[in-house]
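Think of it as A, B, C and D in the order they're written, each chain with its own count starting at 1.
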Amino acid sequence: MPLSTDQQAEIDQARDGTQPTRRAVVPALEEILYQALPALDHGFVRVVDYMGDDAAVVQAARVSYGRGTKKVSEDRGLINYLMRHRHTTPFEMCEIKYHVKLPIFVARQWIRHRTANVNEYSGRYSILDNEFYVPRPEHLAAQSKANRQGRESVLAGKEAERVFDILKKDAELVYEHYLEMLNEGEDGAPLDPERSGLARELARMNLSLGFYTQWYWKTNLHNLMHFLSLRADAHAQYEIRVYADLMVDTLKRWTPICHDAFLEYRMGGASLSKTGLAAVKRMIAGEKVEQKSSGLNPREWRELMAVLGLG
Amino acid sequence: MPLSTDQQAEIDQARDGTQPTRRAVVPALEEILYQALPALDHGFVRVVDYMGDDAAVVQAARVSYGRGTKKVSEDRGLINYLMRHRHTTPFEMCEIKYHVKLPIFVARQWIRHRTANVNEYSGRYSILDNEFYVPRPEHLAAQSKANRQGRESVLAGKEAERVFDILKKDAELVYEHYLEMLNEGEDGAPLDPERSGLARELARMNLSLGFYTQWYWKTNLHNLMHFLSLRADAHAQYEIRVYADLMVDTLKRWTPICHDAFLEYRMGGASLSKTGLAAVKRMIAGEKVEQKSSGLNPREWRELMAVLGLG
Amino acid sequence: MPLSTDQQAEIDQARDGTQPTRRAVVPALEEILYQALPALDHGFVRVVDYMGDDAAVVQAARVSYGRGTKKVSEDRGLINYLMRHRHTTPFEMCEIKYHVKLPIFVARQWIRHRTANVNEYSGRYSILDNEFYVPRPEHLAAQSKANRQGRESVLAGKEAERVFDILKKDAELVYEHYLEMLNEGEDGAPLDPERSGLARELARMNLSLGFYTQWYWKTNLHNLMHFLSLRADAHAQYEIRVYADLMVDTLKRWTPICHDAFLEYRMGGASLSKTGLAAVKRMIAGEKVEQKSSGLNPREWRELMAVLGLG
Amino acid sequence: MPLSTDQQAEIDQARDGTQPTRRAVVPALEEILYQALPALDHGFVRVVDYMGDDAAVVQAARVSYGRGTKKVSEDRGLINYLMRHRHTTPFEMCEIKYHVKLPIFVARQWIRHRTANVNEYSGRYSILDNEFYVPRPEHLAAQSKANRQGRESVLAGKEAERVFDILKKDAELVYEHYLEMLNEGEDGAPLDPERSGLARELARMNLSLGFYTQWYWKTNLHNLMHFLSLRADAHAQYEIRVYADLMVDTLKRWTPICHDAFLEYRMGGASLSKTGLAAVKRMIAGEKVEQKSSGLNPREWRELMAVLGLG
């Protein structure tokens, strides 16, 4: 359960009641506004604000005065054109803000995308909660031997049990010691009135990377889609992909036409190298092309075969 | 008159009617939403969208779940603290989008601020309108002799007349030739059905820097205040300051508490150098400090005297 | 001739003599360092500084301590891998700085790429030179009727003559009036000692977009390649492509392995949409695919045929 | 000892021997190029590349053709002017690249500065070293009661001993378990040939925030000084200030004139609010100003008194 009763009450209150606005409104996104969409064992993604919609992309591309009277089909045609030809600036005219709760090792991967605004909960000022990530059995992957970055079949039996045991017990231990060094009980009262307690900015270093942190993360539609194209990809680490997948759903609610164009031209499409393209041309001409005659090295050849659904 | 009847009708339509939203709404800004605020002789600034309000800054600084139940006075205290100590990230959580019509030489100054999203009307695709800037007599400044960047007293009499005459006639001439090269009449019909017309992307180079362009310009609250601190400043060129001053007004409507903090800690405040601060300390101690004994060079000394309202 | 005798002497002096450094040095780039490579009728591109080389990309990808002892072939393999899989951050570790002289309308297109550092010659402080762009006859393109952004066959005969005449005479006229308003002769002396002269920041607005400006422009290798992929592309306006093509040459001298990867995976490659990829798969399987059965609209179909060198 | 013998050998090799370059060279920085400057118990900062010098700032501000023939005193005057009036773009024309080894909790603070290029050692691909931070006794600060972010007097006696014990033992424990889950010995051989080993990208989550990571970090001179103004400040956490202080030293070697201007106008200077400035003016006029009559709240008043060296 990611939320306390107080937190849920604050969210309910924020969702309760509406006000009139002259701005573009997206009912499908308003429906889930502020709601915590669960991710992993204790995390979530919440859309907390947004600006613009599909029409705002069109409006910016045309630098127009009004909301436009064009038909939806024309909007779709223009958005597809912009996406296909990488005219990215009109997509920068929409903005979205998320509140995300996520394990620190995921946050460290995420923050590498610098084109966003971030406010993170501070372990210098505040005490972090006792919540840490433990993978579910089906995600307890073994290290791939072929690919240094990859996972392979999951661990099982005694090995899996041992890993669960370590992750859980170590997290409990370091958190208990964190509170002891801070000289704080879970209720906030000093454990020992005689002691001072270590500075929060120091004590936090005893926590491990599986503990949850949270932040407000705001970005524009173009940068969001770039982030999602990398993090909703099959090569991304499972633990960040869970968040990206939820955000693809919010993208669909927010800007359905851009979402479709994103799937058509980014996620579902493919990039061919110069040599790969030459090989494809020969294949289309009916030639039988082999790796050796393709000019591609074995790894690139395998990647091309995978893209083409061959081999 | 900056707007055509069609444009005004599009704006009126956009302003007409509201929709319910769960997001933060700022009634004082909604009041002027989409309206063209006139600037210079043919330009304008329009707020076309916004996201967040004063409370959103507080919310991000606290990474909180709801809109918050704190009193306005506490919000003000926190915002002042953040501004004073240059904790800038919470201000990045609000976003605003403007539609601006402005002379090209102003646009070239403006675009140097890179931390914004921009979509400009394209002279490659479209034909630019016949609108150019001519200063009003009181802004027809002479070149300062003391300061290479500055203006001095205004030109008058025959010299002023001659300048007006040049600016107006040259602009009319280059625009007429622009249409001739394009082979287009003001009504869009070919001037001469026998001719092809020069490519738009080339013909535009005959237009001068006083012609108007327009763009959608979107930025966050932090970057907006940074832009305004430079461009609403007395040292900024008058023609860009006009726009910045209008935008300070929209800032006041949008986030009144941030606006007040901005005036208190940025626009109305002062930066002292190490040596300047030492001189101030001596003055407060009752010492009579002269430029020579201050350690400041004559120019810095004059700047300090100006800041302190002395000399 | 883009350079005055004084400017050429300054460049010769900068090129004259070397100093020892422990940093990575790229002799092929040092060869042309500071030299003005001519562009258009009065412009140029000069490499004025650089940091890093191909090995620096490898070094950053590995976060290694030394320059590395790996073979060049391994460096090439890793760089190709990084480029293919869009691991962009190692390419950000190299930096290059150019001095560019270019027409204002080209500068306005160029500056839309915000991920660079720029210092432009200021028309507020200084007087701009009397140099403007006039296309050569073979670049005097007519407006395309099919594509609003495109060029078609060149203008010829009387129409071409008239265009040259307008561009040249209007530029001469507005410059003469610029000096008259400034009250400055070409030699810098006041034209009329009785007059004040209009402020430089105002007088410049009479100049047209064909006049040359200049700037220092610095960016990292990743952003440079992104810029070049858009501006050395066949769809870019000829006048900016001239600069981009020269810069591709400097890229080849600077980081030859990255340059090759850039041609292989960016410039020479292709992006397929989801639907386009499905069509390609069917073609490879020997099916005869038509536009109608492809699921692509006519325009996308034409683009795909062009990519595949068909139709 | 932060470096292994192999690492030191790689550094020595990189330092060994020089090559001629036509670029600007800074001998004082070359002297320490590649050297690891120790920070905390296992960390370091190394300058691994740089581009430009003080003269490059001047050159960019002037958009000049050569290295310039101006005297050093004129360079200093211009640099001071640029710094004082926040003309920041010329400072962006110099670039520096560091290799830094630092505890993860420091890295997480550091990465909030997004205007830099970063390549971090990857715990997804590689196994992290068994090195973690333990504060020295004089830095074992107690939590401040007045200021949630601050430190107070250091812990001593049994409380200190207990903290050291926890930090050390917990780090050893989680690292041992990290290797166990990976099924790797310190020598890289599998601990148990029967087991698969948990994926690296998962196992790392058991490590705590005190463990060391490392990255290549590259930024321009303007952003470097902004970073240093915040992180070499007395309010910054001690553990990041150690790095910032070392980097201020490298700044002094690299661009001594900019360094001096940075100390004079940023680090050693002060910002006054509008109300604070009004109070200072009254003090200079000989008036006795109290907090209540100043218009400042008690906290702001204390901050002003501190700036002025009063009270």
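Quick notes on this one:
Going forward, contacts are C-beta pairs under 8 Å (C-beta built on N, C-alpha and C of every residue); 3 or more make two chains touch, one makes a residue touch a chain.
Here the structure is a predicted model, which is why all the values come from computation and not from measurement.
Under the touch definition stated at the top, chain A and chain B share these contacting partners: C, D.
Counting C-beta pairs in contact across B-D and across A-D shows that the higher total falls to A-D. Chain B and chain D have Cα centroids lying 34 Å from one another. Chain A and chain D have Cα centroids separated by 29 Å. In chain D, the residues that touch at least two other chains are 89, 112, 118, 120.
Partner chain C is touched in their complex by these residues of chain D: 3, 6-7, 9-11, 13-15, 17-25, 30, 33-34, 49-52, 56, 59-61, 63-67, 89-90, 92-93, 95, 97, 99, 117-121, 214-216, 218, 220. Remark: chain C residues 103-105, 108, 111-112, 114-115, 118, 120, 123-126, 133, 135, 140-144, 148-153, 155, 159, 162-163, 166-167, 170-171, 173-174, 177, 180-182, 195-202, 204-210, 237 touch chain B in the complex. If you check the complex, the residues on chain A that touch chain C are 77, 84-86, 89, 112, 230, 235, 263-265, 267-277, 280-281, 283-284, 286, 300, 303, 307-310.
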